[in-house]
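My questions all concern the structure below.
Chain naming follows the written order as A, B, C and D, and within any one chain the residues start at number 1.
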């Protein structure tokens, strides 16, 4: 059965092909069956494979389907590698993916491009599975680019609006910057180690490179570049909020649950490289932390429901990076999984909300939706609690692990911990700000008639609610993957600190409650202070990063393109032509038609040549 | 002997196609198609033969001009076969793209088309340098006619520029070829233009560099590479679709082929010391032309500049001169042959339908021509180097190999990957995305791709996916050739490095 | 017998030649141009004679006779053309013959 | 020295050409018949060329001190006679409607051919002058031939006067140079000059150099090398087309053969300054010729300017002959001259076919759309132009190849660079004509039909096109002939 692992990406790929080749001529029902069904089949297969794998005693399993290419020692294959890590990823992708597909069959039901939507979605799942199952970095890169492409296609799904197209291109290009860095990383690894098979690379790197050696640092840095791009971490985070232009199930699947966590997966997958480059690993932690805080502050100010969730995603992935940075590999993956549950839940629920209020996304035009949209309310409640790490929800366990691991780290651990806790505090505030504004108070915009739903939309929500609540109790089988180098001892933290950690997000919730529900504190009053206005504007614009990048990169590029549209080099040849024409114009004037002038030229030629002859 | 047939079938077919117009204007295209398909089948039959000891699958050698030691020497090895097959395949595609587009002077058109193909086949098979040069020039004339007669508004300028660029640099190559022959006369005692004979020539460093430059300039003009690229955008934007297909798909590859087959092996030492400059030019080509491409509003100009950019990877790969890089260059040649040809066909198809190439006048076409949009998306994505498609294999291998040769330049070149996505996606945005208004164009003929067109595009898609998913079937053919070339130069390189 | 040095003869010929050439360059009347041509040709003839006297050969003198014939033929054709010209242009100004140029 | 009848045998071609003219003259005297006169001339030239061809590989003798009849001279005798014959065929329809007596034209043509045969066989200054002046005199007449015609433009007169005056100046310079050489060496034979130029006695090396340069200038004028080229376009434009063809082909080749023999046998190039002077003239000619032609609209002028450039190319091979071992440069000159004759006759021939003595279609506009109006003529013209540009499949390419080869062997890098630049510029104006022919025809402009339907002229074009292509693809036969005959020159 394990041999059939290649079926996993094949189902959605076939689904994609079926949908593309029929070109939208199939009835929606069949499209839905193909679209969601193929992922469902994948999930079933994945579950069976997982069961079998866990029942077995092997730490990993490799299956080469065919040799991709063999060029002088460069021999990547289409081979799949299954171990605890990829197992978790594969289950999350197919499981959560299936639920979101199911949900989408309802959410997109009225869209004329229903079939196109599912073809992209299926392609995405296939690519994502390639990414996590690939046993070599080239195959991983294939998946990596593939998901990027699908992300582009789906963000720009509603292509008639140029803004969506812009967002899509931005997402693709910004991540491509990271991808390029990663590609260079691959070149470096191959040049130095002679292979791109992940396990061989790790083994060879450990054997050949000293800890902290320049090559290790360079390689790790380059891979990190790829990871921050895909996972929307500083400094390549700017694309994610704009990516919310896509249909909401996309945001749930790609920009929350799976693709954006690919960076985390990559670092976890190649963790040994980062271990022999400790400075880079520490950089990972810092990037994570700064992103946590930055995104947290931004989320405080946003008004678009999906953008808030996007920034929270960014922030949560920051936690995962933090975990990676402090060496808590399994905690990172754990958080990846729980985050997939509750963030998918939140996004899908927000999808229901948005659909119910007729595509309104501004939270200040909502309000009091608690009664009208009970399922969404419940979903949001549970999702928000998990997101803020409310005790014994899934998010609690995973975030706790991360913060504790940070605290136990030597050196900058404490600072990282403090930052992480501060982040959790912000999470509490912005999450419940959204929650209170949308579901409580009075409605300021559309009043929904009834909640959009149905079993294929609500079913996934219920399942995800359950997973968000109890997902923290799932034990992920990654010990064998990270057996090397991870600190595996019980956490020795005093109850006081632990209690503090639990309390901080709750304080955040309370503050949010006071501001946005009880209205004891007035947001207007706060906003009347100039400094908070400035901060608000600053945070609202995402710390001005877009502004900065526009001026540093985009505008100069556009300017250069514009002034050189005609191609400077061509003007050199144009000059030659001009020169020839000018010479012609000049020399033609010697042909005056006068015999005496012609005779003169003969005489002159005579004199010149004779002078040459005599003088030389 | 089969090689002579390969070429002469096209020559003869061209003449018959021309003459048949008098009987019925519908005949030339059919005759052309039959001729090229026949040729393609012949090429496939070459694949079946076993290579001899030197790796040559088929060859023919006859005296031609004994006074100069010139012989009519054709031979193919794996590398040539790949490119010949590409030629045949794109030949069929080009005829397909001209099928409805060319309505005037049909016979002469297919005559020129087939003669261009014949010239290209000659270039890919000639192993006598005089013969090579002969074919090199022969393919220009019919191509000139194709642009000058069936081209668009500024065809005179474009055709002229194309011709003069390639001719003038060709003369530089001629001088270099003659230098080689002359050295053979001095060192061995007789004149010879035979490739194998000339490989044995030893030259002083200084002279070798100059002679090599003659070849380099000719080849990089055809390729093209900065700073000799500026004929290409004009030629492409003015050529009829079939012309662009042949130009981008095949003609450019002759330059790359020349670099691999002649420029480096004949002058290993000079090439070694020149490699950093060549690679720098490649990097400049990649980045500069990607940037210029982005600024274009004429879709064909844009694609033309992207061709230059992609060909930069080929130069990069060739001058990195190791197995991965060379295979990458070869794969890029093949994959770009298909993807660029397809993009030009799309552009041509659009122009045929709405009579403009200006992208700002377009927009939102997805709703009108969804199949075309999907096809365009596919090839744009292929062009930006999506793994799983042929272009990725080529560019990745080229960069992978180049990295081992020169880290800095490779890293800079890799940024081309980013710029490729910038312009590729911009094209999709400009033409297919956005709101459809149809205000600035006459959209009465804006119809989706028909079955015949879909067939051609489908074939090219299958080709690209094949190259992307199982490139080994192509790599296997070129591998022994490239390894042989590498082995031959290895000792020389080693000697140079020691000194 | 004291002979005239070769150089003197040649210099005289050169001077005559230059005179003829300058005549061609400066005269506008085509008849004078023809005459100047005669002077040039005869200067060459003189040079041949002088040279022949250096070597004591007859060849130079034969050349001179040839040149004479040649000049005569040339003038004959030239005069014919001048007559035609005068018929058409009513002038013998050589500058009139400048319709073709560029 | 007694000349026997056997000695005259090698001169048979010359004698036949002369006889032809005399017969034609007599025929005219008896009764004017245009077709008969032309027929006699054509037949006579044909016989002359056949005889020359048949004796080509058997005879090699000095006939009187003036003429040498060797393979090389016979090769060019054949070439000259055939070309003259082709020109006569072109002339026939061209002059058919001339409103003046037209038979004498063929006499001029025949006499000019005699002059040219003498020139290619000459290795003595006397015969050079004799041939040259015979040729020139006849050409003055040919150029001015339609001067009485009421229909013709007045250009023939202007052309003839220009040619006559300037040619006389050049002849003067040439003769003066010869006189100086004679003063220096005491001989007028090319082969005897060599010893003296080498040893430079008497009046000193500078004297020899001046003398040689003056001779060279005299020849350069006839070859229309810059800066002695200015007459060329005007005379070409003003002459009736057959005369233009004659001037451009036989007028050039005969002169170049003389130059080649002179330079090679006298080893004049052993003087650095002579090499420098010739190289300079070559460079200026290539550049000026090509640049002048660049934007011309008159086809005759374009071809005139391009001939200036082509003569410059030939000088490259001439200079190379000094540096190169073996005969390759001589072969290059010979082959290129041959190729040049073929393509020039062809290119002018197309123009001449559509023109007549009343109206010449000389403007590039007249040829717009020729490809679609008259594909046959357009194809021939394109072939000739591409050959002039040196594109493969044509004999012009092989010629260029020869030039490049001798340039490379001699290491004349600067000249080669100029050659490449010049050819590059040249491409532009050749292609410009081709392009105009490819355009759609304009209504109401240019000539209507394919011009003359005279079968002979079209036959000549077909012959030339076949020659152009066959020798372009498989030059070996001609190459080996030229290889053999070039041995004579050294």
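A few points about this structure:
Quick note on the criterion: contacts are C-beta pairs under 8 Å (C-beta built on N, C-alpha and C of every residue); 3 or more make two chains touch, one makes a residue touch a chain.
This one's a predicted model, so the numbers in the text were calculated from it and none came from an experiment.
Here C-D and B-D were compared by C-beta pairs in contact; the pair with more is C-D. Among the chains, the centre nearest to the mean of all shown protein C-alpha atoms is found for B.
Mean C-alpha positions place chain C and chain D at a centre distance of 26 Å. Computed centre separation for the pair chain B/chain D is 42 angstrom, with centres defined by C-alpha atoms.
Work out the mean CA point of chain A and of chain D, and you get 77 Å between them.
Between chain A and chain B the centroid-to-centroid distance comes to 37 Å (mean Cα coordinates, whole Å). In chain C, the residues touching two or more other chains are 21, 24, 33, 94, 97-102.
The set of chain D residues touching two or more other chains comprises 161-162, 165, 169, 233-234, 428.
Residue positions of chain B touching 2 or more other chains: there are none.
Pairwise, the chains that make contact are A-B, A-C, A-D, B-D, C-D. Chain B meets chain D in the complex at residues 64-68, 105, 130, 133-134, 137-138, 140-141, 144-145, 148-149, 156, 159-160, 163-164, 167-168, 171-172, 174-175, 178-179, 181-182. Interface of chain D with chain C (complex): residues 125-126, 129-130, 133, 137, 140-141, 144, 147-148, 154-155, 157-162, 164-165, 168-169, 171-172, 175-176, 178-180, 182-183, 186-188, 203, 233-234, 237-238, 296, 301. The part of chain A that touches chain B in the complex is made up of residues 20, 23-24, 66-72, 74, 78, 138, 141-142, 145-146, 149, 152-153, 156, 159-162, 165, 168-169, 172-173, 176-177, 179-180, 183-184, 186-188, 190-191, 557, 560-562, 564-565, 567, 569-570, 572-573. Those residues of chain A lying in contact with chain D across their complex are 580-581, 583-585, 587-588, 590-591, 593, 595, 597-599, 601-602, 604-606, 608-610, 612-616. On the chain A side of its complex with chain C, the touching residues are 588, 591-596, 599-600, 603.
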